[in-house]
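Here it is: the structure, laid out below.
First chain written, first letter: the chains are A, B, C, D, E, F, G, H, I and J, and each begins at residue 1.
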Amino acid sequence: MADSFRDTLETFENEFPDRDYDIEIICPEFTSVCPKTGQPDFGALTITYTPERKCVELKSLKTYLQHFRNEGIFYENATNRILDDLVAVLQPRRITLLAKFSARGGISTNVTAKYTTIR
Amino acid sequence: MADSFRDTLETFENEFPDRDYDIEIICPEFTSVCPKTGQPDFGALTITYTPERKCVELKSLKTYLQHFRNEGIFYENATNRILDDLVAVLQPRRITLLAKFSARGGISTNVTAKYTTIR
Amino acid sequence: MADSFRDTLETFENEFPDRDYDIEIICPEFTSVCPKTGQPDFGALTITYTPERKCVELKSLKTYLQHFRNEGIFYENATNRILDDLVAVLQPRRITLLAKFSARGGISTNVTAKYTTIR
Amino acid sequence: MADSFRDTLETFENEFPDRDYDIEIICPEFTSVCPKTGQPDFGALTITYTPERKCVELKSLKTYLQHFRNEGIFYENATNRILDDLVAVLQPRRITLLAKFSARGGISTNVTAKYTTIR
Amino acid sequence: MADSFRDTLETFENEFPDRDYDIEIICPEFTSVCPKTGQPDFGALTITYTPERKCVELKSLKTYLQHFRNEGIFYENATNRILDDLVAVLQPRRITLLAKFSARGGISTNVTAKYTTIR
Amino acid sequence: MADSFRDTLETFENEFPDRDYDIEIICPEFTSVCPKTGQPDFGALTITYTPERKCVELKSLKTYLQHFRNEGIFYENATNRILDDLVAVLQPRRITLLAKFSARGGISTNVTAKYTTIR
Amino acid sequence: MADSFRDTLETFENEFPDRDYDIEIICPEFTSVCPKTGQPDFGALTITYTPERKCVELKSLKTYLQHFRNEGIFYENATNRILDDLVAVLQPRRITLLAKFSARGGISTNVTAKYTTIR
Amino acid sequence: MADSFRDTLETFENEFPDRDYDIEIICPEFTSVCPKTGQPDFGALTITYTPERKCVELKSLKTYLQHFRNEGIFYENATNRILDDLVAVLQPRRITLLAKFSARGGISTNVTAKYTTIR
Amino acid sequence: MADSFRDTLETFENEFPDRDYDIEIICPEFTSVCPKTGQPDFGALTITYTPERKCVELKSLKTYLQHFRNEGIFYENATNRILDDLVAVLQPRRITLLAKFSARGGISTNVTAKYTTIR
Amino acid sequence: MADSFRDTLETFENEFPDRDYDIEIICPEFTSVCPKTGQPDFGALTITYTPERKCVELKSLKTYLQHFRNEGIFYENATNRILDDLVAVLQPRRITLLAKFSARGGISTNVTAKYTTIR
């Protein structure tokens, strides 16, 4: 599944590769399906990255995220999968993904995952 | 008492053990009983941890926390006990528990306890 | 059940019966149990009334509301039951009860019931 | 389409038919699809009604609303359709439906429709 | 007690008696003592009135309210007493007093009393 | 100028003409030019109307409002002109336009205009 | 003093005299001097009016209000004076002036005055 | 004065001395008297400490703070005095006291003092 | 294009060159045009810099930013271009530009770029 | 001008010189005059300092700041001048002055200047 998703992500060239700058993208309308109960889940994603040679094109990001709409996937896995796909496509200097999921049973969950080329 | 509580916590396998990522769980509906006055106490718990091999299953966490509903326990002890139980079951890389208790007599109390394997 | 609950409500004399004035009491720590699932419910009650001869004593109101802590009762019934008990004990000129219940399955519910002697 | 949707709504008996009281239900996780562009829409519904003989069962309401998840329908029509279905099933004294839809192209839309038996 | 308190309220002449206008005074630092427990109570008063011939002088109002600092008095009585004193001294066209008292035992109380010459 | 603007507004048929319901459209990105100083002005429009036979199509509304981008026009006139155009095209039962303009010289301005067929 | 102030207010013609519409002007930077203590006072004015033939020009309003900067005047009188001046110059259908003054001695004051031609 | 105050502070044993955890106590209802003007002052205290062997008992803290109610003391001195008393009684690893005082003459003041055993 | 824009930025001499201090300028009314769709974009800029010998004159900054009003440019490029121009004209010790762009398709974007003479 | 201003600042002795603690003073009612346009400017100052031997007396600070009321001075210079005066009079261990100025032409400005004896 992930491979076909990943292909929908498009990029454009970073015109300021000499500068170390940050792009933060906020997607408050993320939705997927719980693989256990079949109930829809709702979340808000915040992607923050420092581009190397490529920037993500926003419309393709929107389309990419819509592929999760009817997909059954756990919170933790969705977060890490999206991060993996963005790292593969953008090869950024640094990237953080914060996913805030709506409350279920009175309990809400936020997952934060990071990737960096500078160790 | 604590031993039987702890057994209700279930876990599932962390599918991304190579990545150092954070899971934050917010439980705004915690309630216990004051051991001195017998009056109910109300609080909100925020659990933040970095998983090693295991993640806590949310429904079992909810059930675990409901065991405190009619238990008499002081704020400080409840906070530290829950942290101990989560550490025992998850063996996480790092974990923080912030417990915010409602005002009593015009005074409110927040307790924060941490555990880490990296000293 | 309701009868014994009602008896815990105490009153004191209204010292200004000639004036038509309002008393609003906010109880953000109401909790009961869902009769279907056995799960705890959480809510906030706002009681607004115009006293005739009696005012409700706050400590007894708190004790009265705590009787619902381990009682299985639906939202709509809890709201109407509490209103009935307050009307029986206070015989107020007017009274409104607004009960805001926490979200379950992404859906939250507020119930408002009123009583007045002036039709 | 609407007929089969409507059948998923379940009711339970109103135990306080002599009292004119209000039930407000807030559903912040409504989503459907734009019939023109095929893009997902997101909205929050607030249903406020005075029951006559029946109350809507919350779990069935949730299931009913999830049927719109992959349905193509305009904002105005979705709002009026849901109102029609609730009126048919509940036969309430009064009902109001407020639907707040997320911004598209920098423009957001709220639709409010009402029904009452008292003209 | 009330009589001597009332004397500390000073007034100045309303220079615009032909106009029906409103003066709202907000006093967020009201404190008195609970006559039952001896514990201090805290509240915020909002006074709204339409002057006839007299306006209340703010510094004297502040001094007047400070007399309650070490006085034992119930919420409902404090509110009605202050209203009575302001009515006696100002003889206003209309006056409303809203007193919001801080939470005690998880329950907070607001009392609203009104006076008007126009029935 | 106004005539050509007005033509860009498109409508679609109201499918629920028997129901008296409200549509609120919020446009926070309105901008025009001050005819006196040549400086850009910024505002937020809120349109609320009850349709008769026609609803305004949102994309065409957006295009219509963009025509003001480089037009010199006073606040009061812009508000009344947009209302006139919407009335002419929609022939609604009722319509209100609230325009909130950003502060200039420390002073901000809101203009509200209404139209109704029911006098 | 007031007469010379009033002359600084300029107007422009209302181009939509057939419509009954509202203009709200918010001036958060009003300052004057307390005539008793010589200390500066700070306030925020909200003017709401329905024009007949004239609208107030904003820059001249700003200049007019700046005349109070070093003038000694009580809250109640400043509010009523400004209303009188606006009524004299605009001859509006309706006008309301709300003046919110900053806290002094822990007490803040809001004054609201109105004028209407429709009794 | 300070000595007798300090004696009212009671402690209980810290049951988790091996863990370095934080307790935050918020007291929004602190009041004292200005030694210069005799006017009451109002403030909110936030105490954050890491216990060594002792925790402060909340009811005794409340009683301790009430001793300042009719005491004349400057902001800076009250803050430092309370910190000294808590350090003497608790001998904590670290403690911070933030005191936020209400505005006087349009100016508000916050005082923060700290103590630590780890230099 | 950029060259002519840059010339509209004016500066004045920093009178306190010995002190390392920060100037933060907030411009909530930035607007440009999307080069792909021709649709207007809206954003808020926050410029923070430490001056060396020159400070930017605010009125000229406003004029400079207005040049983007009808210019087609991507978010990332607009942000970096403005930073380049400010660096060229001010030669500051440090400067940061945060640009927050309004949501499009339910997704909003913030871009942050920095420059410093101290590596 | 500055010299005579500075003399109005009074101090009192710091009674806790052995402790390194912070005093934050918030003055939301600062006003001066733009030297270029003659228009009044409005701002809010936040002073944070660690006293050595002296604390600033609040009433004298208020009087000192009022001297700027009719003085023509640029934002950056006002901020640095006030810092210089406070440093001269208090000789503090550390001091920070944050000045937030109201929007002019849709652009607002904050200036932050610091002084420290510990390099």
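One rule holds in what follows: a residue touches a chain if its C-beta (ideal position, glycine included) is under 8 Å from a C-beta of that chain, and two chains touch if they have at least 3 such contacts.
Please read all numbers here as calculations on a predicted model, not as lab measurements.
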| item | value |
| --- | --- |
| Which of G-H and A-D has more C-beta contact pairs | A-D |
| Equivalent of C-D within the choices A-D, G-H or H-J, defined by over half of its residue contact pairs recurring | H-J |
| Centre distance in Å when chain B and chain D are each reduced to the mean of their C-alpha atoms | 37 |
| Whole-Å gap separating chain I and chain J, where each centre is the average of the chain's CA atoms | 28 |
| Interchain centroid distance [CA atoms averaged], chain D/chain J, Å | 57 |
| Chain G residues counted as touching two or more neighbouring chains | 28-29, 39, 42, 102-106 |
| Residues of chain F that touch chain J when the two form their complex | 39, 42, 102-106 |
| Residue ranges of chain G in contact with chain E within the complex | 76-77, 79-80, 103-115 |
| Residue numbers on chain H that touch chain B, as the complex places them | 14-16, 19-29, 55, 58-59, 61-62 |
| Chain E residues within the chain H interface of the complex | 28-29, 31, 39-40, 42, 66, 69-70, 102 |
